[in-house]
Amino acid sequence: MTFADLRDAVCKANIDTVRHGLVKATFGNASAIDRETGRVIIKPSGVPFEVMTPDDMVIADLTGGAYDNRLRPSSDLDTHLVLYRAFPEIGAVVHTHSTFATIFAQARTPIPTFGTTHADYFHGEIRVTRNLTDEEIRDRYVAATGNVIVEAFEGRDPLEVPAILVAGHGPFAWGRTPEEAVLHATILEEVAKMAWHSMMLDRNLPPISQSLMDRHYRRKHGTGATYGQD
Amino acid sequence: MTFADLRDAVCKANIDTVRHGLVKATFGNASAIDRETGRVIIKPSGVPFEVMTPDDMVIADLTGGAYDNRLRPSSDLDTHLVLYRAFPEIGAVVHTHSTFATIFAQARTPIPTFGTTHADYFHGEIRVTRNLTDEEIRDRYVAATGNVIVEAFEGRDPLEVPAILVAGHGPFAWGRTPEEAVLHATILEEVAKMAWHSMMLDRNLPPISQSLMDRHYRRKHGTGATYGQD
Amino acid sequence: MTFADLRDAVCKANIDTVRHGLVKATFGNASAIDRETGRVIIKPSGVPFEVMTPDDMVIADLTGGAYDNRLRPSSDLDTHLVLYRAFPEIGAVVHTHSTFATIFAQARTPIPTFGTTHADYFHGEIRVTRNLTDEEIRDRYVAATGNVIVEAFEGRDPLEVPAILVAGHGPFAWGRTPEEAVLHATILEEVAKMAWHSMMLDRNLPPISQSLMDRHYRRKHGTGATYGQD
Amino acid sequence: MTFADLRDAVCKANIDTVRHGLVKATFGNASAIDRETGRVIIKPSGVPFEVMTPDDMVIADLTGGAYDNRLRPSSDLDTHLVLYRAFPEIGAVVHTHSTFATIFAQARTPIPTFGTTHADYFHGEIRVTRNLTDEEIRDRYVAATGNVIVEAFEGRDPLEVPAILVAGHGPFAWGRTPEEAVLHATILEEVAKMAWHSMMLDRNLPPISQSLMDRHYRRKHGTGATYGQD
């Protein structure tokens, strides 16, 4: 994929988050990284999705150094950069305030693996970050948001559970490509909606068995995957 | 109905599950059987619904033996085959992860007959299968999913309650034709949504009376049916 | 309004119930009465809404005697007839299985006047009928459904609260015209949705004060109404 | 902005409340004030949104004195006037019966700041007014509705939390322009929906920290704002 194609894909990912109902107003942003050159492409800040074009995308390096951009980057840029530095496996990040994922983030409640819909994409529960301290909020808030996400993944492969809930804020999802990151954000929202309603039926509902979790996840992921066409 | 017509109907049924909001991403699959020749027609695995054509449908015999297909069948094929072998009355099967039916499947909670909407199509509660054992999940998972469905119908006519909830997974529905199977999957979702909300108003809500159940079901089904035009 | 215009309006009312999301599949039916001639116009049974035309409407007299019709009437005709005989003020009836109104009907829970949205159209709580007896269900089920509605309105003006919930079944709404009956069915659904969620926040929520109820209802209805243009 | 432009913007704001799903039937109204001349522009009463044009807008002065209008003003005009007199900072008011905001108004439950979606637009909880007395309802109901809103803002800047819930009725939102007032009404509805579901997960859920509240609100508002383009 050329750099121009990747920029087109980032613009499309931003628009798709709106099209799938994950983003209202200007809440939310998608980015991708070109790992060869270390350049990050991200949505501009506060530009309406209806008029956004690939030309509006903002380019930065991994330390936040900006290239020659017409527009300011998304105010969440530093969170994306922390994730790209900490998770070398990922190629794209999507942040939304999608309704049910945000509800769990607000209630600081992780989303257990209640069914195979969840296990088809996420190999285990969706975690919630710890709250940020007052100091973190004051000093380097956006980067600190990335840091608490990375903390929550200690000892865990970020591609096995490609999403997190930031406490009191909302979800971040990622993947190898912008398309995959949007898919994960979309599935996360549906999984959150079903988990919420399942918990209302039974407040002590246990997750599905580890073997069912593994069976579904491995059907779609890794060397033994059998799902789809060659 | 010719075999070509049935293949068109299976393709349409797959697309209709998306159109009715029952299927997101590539979750879900519809199939039908030509009882004269024993040939089963099913969705291919992981092909986006937007580009699917009748030519993409996959054909198998009742033991899973494949005909000369361009594409791999849905990974759930073996579940469909078990149902066609066990339930000779049925002609089509639809599997979805529709939101509210899946919520009940996840909570392992059957759906009682709370109203006439339910009784118009399902003659009694929608059951939940037992959980699969670790051994079943490991060895012949997809066929075992069919087996626990058949178990749940011991002594019960599969056309009287043409749907089931697979524990921790989601619903399967069926009918004599693909169109009927899609209708049952659609009504099931609406019935599940209304049952969920009714239970929140009253956690001990009893089902409607047996005579009201019978009255509504018999109005639309069997030799005494009076509903619709001739 | 000519009889032909009224027939067009009945057809449109049936289609509007689908357009407003109140009716799925073929659940639901709308009718009107021409009070001068005593002729009732109603939807045919089981005809898909997408292909329905004014020519498909069925005409009956107030005792159910049929005129020269091409199609069978809605299987709920007798309920409509009972309402037209008992409530001479009303000119049209709409029956739906709209989601939240049906949820209250299933839970046999009346909808209290929790807000002014309710009071703008319904002057007091939406009642639930008693359950039908086994005998009523067996012998004259459809007419008996009308009878329990009439029972629930003893001493109450059917135009002051132009809707009812039939226990275990769903809502009926009415008005002076087909358009008004559809409007009442639409507002009822929204009011039911808001009442359900309000009750979840507070299970002992009291209704608004009688004076607020009266103020809003009288603003839109009766000789002192000030709402709208002349 | 010329007076004609402002009138166009008020008409558009009324139509946008429908387009965003905040208003059903004819519930709801938007207005704006031209502070230089003291003229208020508001929706006419009971005119369907589908046929409304800028020419239909009604003009009044701050005491309710009418200019030469073709149509009657919204029956809520006096509430808008009270707000314009008490809050000189605001330029537009939007009243809706949007589903979740109305649910909180009906349950007389304020909406705490559970997340950053809330804090991005509202600097603290959304309050509920006190109930109106029977006397207020009888004598000057519409103006009294404005008075209890103003009461609820004693000592609070109306632009810091540009919305209120009127007990047993529904939300009012405002802003410097019609576009901003509609945006606030839209965000309020989404925030209310997420708060409702968060409270169901945890009935004792605390709000986010004051520092997180301040950080998000100040990012978008005031002299230190960094969000968006110049």
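Each chain gets a letter, A, B, C and D, in the order it is written, and its residues are counted from 1.
The rule is simple: contacts are C-beta pairs under 8 Å (C-beta built on N, C-alpha and C of every residue); 3 or more make two chains touch, one makes a residue touch a chain.
In UniProt terms the chains read A, B, C, D = L-ribulose-5-phosphate 4-epimerase.
Source: prediction; values computed, not measured.
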If every step must land on a chain the current one touches, say how few steps get you from chain A to chain C.
-> 2
How would the chain C/chain D interface be labelled, same or different, where same requires over half of its residue numbers to be shared?
-> different
A CA-based fit of chain A to chain B gives a rotation angle in degrees, as a multiple of 5, equal to 90
Of all other chains, the one whose Cα centre sits farthest from chain A | C
Taking each chain's centre as the mean position of its Cα atoms, how many Å separate chain A from chain D?
-> 33
Can you check how far apart chain B and chain D are, centre to centre, with Cα atoms defining each centre and the answer in Å?
-> 47
Could you tell me which residues belong to chain D and also touch two or more other chains?
-> 200
Listed in rising order, chain B residues that touch chain A in their complex are 24-25, 27, 44-47, 71-72, 75, 97, 99-100, 102-109, 131-132, 134, 137-138, 141, 168-170, 196, 199-200
Which residues of chain B touch chain C in the complex?
-> 114-117, 120, 183, 186-187, 190, 193-195, 197-198, 200-202, 205, 208-209, 211-212, 215, 219, 226-229
